[in-house]
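What follows is a pair of complexes built around chain A, which joins chain B in one and chain C in the other.
Moving on to the complex of A and B:
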């Protein structure tokens, strides 16, 4: 018993050291530059792959060479990333860095797939690092001992650099008060590339030693980035000491749980993260830093069309969409309807996020939580409660709204980056629960669901009926298409109506300047929570509709990548417009559809496009006409009305 | 004005975003002088210092230092030319020790200007010497003010921009700070001082500028200002 406990502690320490190296860079980068670097995990993976490329041709002993060369190369990649993508965004809201680095995750991850292919490979270790040795009665593997000793020494070296060198002093000062460092005549901005490069190199180093311990796979970055965030939040954003304590703690807790209480593995760390964010947002060792300015850029400014034209255009779009199923099977394959349903559902999901992000400035990094809740609520209702689609959807909306109220109640008191982190934690908590509970079907999810449209056992199955429109028979999917389209249009009208009401004015005032909204007597927290509940309910509706149509629900619905994708859609289309995110969803899936025809690595292209959007067109596609207008002869937009009527646009949503 | 003009501010407009705080503000500071800017809250005193330092950029007008246009330079560059800003909140690095705060300043500042070494600064400020290994956050208000001034000396400064150095300090410490400012001046350092406390200005400064709503409304020596009851009453709310 004692033996197995110390063995588990030893294993936990091994992973803990890897986490420390990974989280240290992440934390210092945040401290100095206020950049939340989602791509940190991919740099970690890149380190392992560079090492692989060096070790495989030359054999195990090249491992030691790789241990220094690969981090150096990744460090250079890091410097390049800072200089060409991160740098243009300084001075903007820190949330744009989250978006940017999320785009970089897609790009780097797909590059790894492209170059090295899928599947996991093992990184050959040198012969001296194999076998076991006896330490204090534990039969320890030499490689584990190597990780602890060498990784520990590396962390110590970083600590000494930060503590005792000129660079370290400047970096530490920079993470406390950047402007004052500048006032002293020190060009802190010149150190940014260095810090980013060093952080990347440390991550790469961690990736290599973990690669030798476990295996090297394209998913390794995605699987460590979330724990890394947990560590950074626990220890305190910006604190090196925090990264050390947090890294070791998370490594050991996770390993102990896996041994003794596997049901809680993956749950406890997120509960801890939520608790820390609620009660001590600056973490164990963090310093209070000033929340840096910069507004979220919405797509509304400088619209070209007046209200009436816009309404007509909207109606025309809906009419056009309504025609889609009529041509299925004749003009184009029935797959078009399936694709369009997906776009509509994700359009609704993106709309729900925009309502809270684009109008109150709350960036939820865990919106897939509500999508997943809706999906599972429908699945569980249909399997265990009632086969009525109406009952299932109603429950999906109610449950998502209730959980959104609860999450909002706890989270909205913390702002900015901390809110993003806490929503991420809730979503990951739910995601991990889905794997572990019986009622959610574990990793398989729930499937084989059937339904009817009606109440109390009386109703119809969409597959059993057909509506004849001229020569075309609408049935099954095609009928569901109208249900989804109806839900989207209704949600759009509902949210737009809300935004044009006094409630909407308060929301917009919160987005513009929350403090001033408070000064004129609005309790902004309550308004933000209401918006969050509505948003959660609509996201739940989207998830519910998906399961209703597809007949299954899997844990991946609540994965953080989903939360990221829906943010991509919102930004792509144009935040704060309601219709922009729907267009964004259409473009996202449209691109995927076109690109998959040429390459399996469509995320690479999409990620690149997204990165360019964040840098050059942060107001999204819907702002494109207004931005291009001055360059087009005549200067007027695509609409029949001249662009002169600016005053009519101002008051629009 | 007795000495050569070291700093010349000519008709600057400056502010935050769309809010203009300074409107056509002009002043000049001669080498070796102590010049004060007095005025009520919100008059634009701090904005003036921040604009001179380069934390803010004037939308129009010119700032010249030693006959060189520094209007568009950022704080990092003006510091290298020998300007030092001691902000109202002092902005001591809370997690660094007193010694580290000074060492940091030694890595920056103006290379061409005479400066104190960290050791000399600690000798000059005895109460800092005793707390050299304590964290910046553990210092009292007066100690923080001393450290902020010491930091400017370690970096090397010809012109110190002091923003409300006596604010929030106990009266007997105010006297200490005033002594220090005089000592700086004796060392040949020029001081541009922002104060709400008119008495501090009258005692320290060679010349004073009274500013109101972003404009200079009065300029005069301390004797002249002391005698001008109308100005004292109208802009500073003091009856002499």
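Moving on to the complex of A and C:
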């Protein structure tokens, strides 16, 4: 028993040390620059691939050279990322850093695919690091022992640098109070690139040693980024000590659970993350950080059209969309209808996120939870309760709303990046549960679902009826298209009506200045929770509609990348407009459709466009006409993009 | 619509079969036949399992167990460990397997893809291959061998396909593939190629693109394939592929393990009896 426990602790320590190195960079970058770097996992993977490029031609002994050269190269990449993409965003709301680095995830990940191809590759290790040794009755591989010793030494070196050097002193001071550092006459901005580069190099170092331990694959960055966030949140955003304690704790807890209670393996760390965020948002060793200034930039100010023209344009768009199924099979392939259904459903999903993000400033990084919930609610209802589509969709909306209320009740008490993190944690918890529960069909999901449109056994199957519009027969998918379009239009009108009501005015006031809204007597938490419930219900409706049409639900619906993708759509189109995100969904899938004809790596192009949008056009596509107007008409246009509040970050020298 | 999947889960042409699904990929039931026979003959009947905790892993466990039970009265399952699909750290499982390695004759691993590559790599670093023979279902896949590196050496695997085999017109396929892609084809290359070729044969034979007509024609139709004469047999529409048992060995040069074939079962020998498939067509 003791032997087995020691072995488990040793195994946990091995992965824990890698986590420490990974999380340390992430945490220090946040501490100094308040940048939540989603691309940290990709820099980690990039380190492993650079090492692979060095080791494969020269053999295993080049591993030691790679261990120093590859992090250096990734460090340079990190400096370039900070200099050219992150820096323009300083002073904006820190949530834009999340969005930017999410775009970089897409770019770097596809670049890895492009250069090194898919699949796992073994990173050859030098002969001296192979074989096994016995340590106090524990059977350990030499390589795992190397990870603990060398990784530990590296962590110690970072700690000593932070603790005993002038640079370390400034970085630590900067992570506690940047303004104070500036007041002391130190230009901390110069240190930003250095810190980002060092963090990237540390991630690369972790990637190499983990690459030798597991394998090197393009997915390795995606698989570590979520545990890395858990560690940083547990230890405390910005705290090196927290990264060490959190990294080791998560490594050991995960391994012990795998040994003794595998059913809880994927759940416990997320429950811990949620608990920490609720009761001690700054984490075990984190310090209170000043809330960053900078607003979320909505697309509402950029419109050129008056309300009447906009309304007419909207009606024309709906009329145009209603014509799509009529030409399917004759003017174009019936696939057009399938594609448009996907766009409409994701447009609804994006609209649901916009209602909470664009109007109350709450950035949910876990909205795929509600989409997945709606999909599974429909699947389970149709399989076990009733085959009525109406009952299934009603339950999907109700259940999604109820869970959104619960998640909102717990989450909305924390704000900003902490809210983003807690929603991510809830979504990951749900995603893991989908794999484990019998009722959700485990990893296979639920499929083979059929439905009818009616109640109490009386209704119609869309595949069995046809509606004749002139010479065109509408049936099956084409009929469902109108149901999806109707749901989208109804949701748009409903949310727009709400936003024009006193309730909507309060939401907007929260977005503009929550403190003022509180001062004039509004319980902002309650309003935000209500908005979150409506948003969750609409996301559930979107997921439910997808399953209703496709007849299946799988855990991938709730994958974190989908939460990121829907944010991409909202930003692409224009946040805070309701219709912008729908346009964003259309552009997203349209680009995918066009680009996949040329390359399988379409996310590279999409990610690049998204990064450019975040930097240069944060108000989205809907603001483009107003931005271009001065060049076309020679007039003054809407004025320049409100400059970020630079006072928060620039030196005072 | 006709569906020719690349997944090996037995139920696709078993209990979940339907008249529009035809599978050229070798099923887990077929590969388990050769694995179980060879393992019982050469290694023994005390088996410990490690599987990925999803349909494929469970399918391997069930199929190998069923066959081991029918082959040997003394068969015993020494233990089972299960990892989540997509896991990257198998140390805990390797420790548990090492603890029972004295009682077991072989470890059967029911995983594939990156999971299996990483498992073999970490097992190799811990010297598990020296403690207990490791038998896998897909360790012979090129992608798995590339991921496992030296961890693949001295492990055994069921073999669905390797480019070296000289059945049917396989060598013509290999030549054409290599001239197009500069790489030898892997299992999935031949599944994609022959699935499309067999469906095309069906469309040609039926003289129609109507899915129902093509499906009726394809069922039981004779084809010349890379495995020689073959068919999607009528009772479950599973291709009657031959299967092999192989060993992954250290190559003369480079790191990618070579596959040496140890035993072969013909399509008829490997396929389960129609009445045992659970498919009712």
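Observations
Quick note on the criterion: the second predicted complex is superposed on the first by the 631 of 653 C-alpha atoms of A that agree within 3 Å, B and C clash if a C-alpha of one lies under 4 Å from a C-alpha of the other, contacts with A are read in each partner's own complex, and residues count from 1 in each chain.
By our rule, a contact is a pair of C-beta atoms (placed from the backbone, for glycine too) under 8 Å apart; a residue touches a chain by one contact, two chains touch by 3 or more.
Predicted model, so just to flag it, every value in this text is computed and none were measured.
On the superposed chain A, the positions of chain B and chain C stay apart, so the two partners fit side by side. By the touch criterion defined above, A:599 lies against neither chain B nor chain C after alignment on the C-alpha atoms of chain A.
Of the two partner chains placed around the shared chain by superposition, chain C is the only one that A:14 touches, whereas chain B remains out of contact. Within the superposed three-chain model, A:505 lies out of touch with both chain B and chain C [touch as defined at top].
With both complexes placed on chain A, chain A has more residues touched by C than by the other of chain B and chain C.
Contact with neither chain B nor chain C is seen for A:333 once the two complexes are overlaid on the shared chain.
Judged by the touch definition given at the top, the superposed model places A:435 against chain C, while chain B stays out of reach. Figure legend note: chain B and chain C, brought together by superposition on chain A, show a least Cα distance of 37 Å. Contacts from chain A toward chain C in the complex involve residues 4, 7-8, 11, 14-15, 119-124, 130-132, 139-144, 213-215, 217, 219-220, 223, 254-255, 258-259, 262, 265-266, 435, 442-444. By the touch criterion stated above, chain C contacts chain A in their complex at residues 53-55, 82-86, 88-89, 91-93, 95-96, 98-99, 113-114, 117-118, 121-122, 125-127, 143, 146-151, 255. Of all residues in chain A, only 166, 169-170, 172-173, 176-177, 179-188, 287 touch chain B in the complex they form. Chain B meets chain A in the complex at residues 53, 55, 74-80, 84-85, 87, 91, 93-96, 100, 103-105, 107-110, 151, 155.
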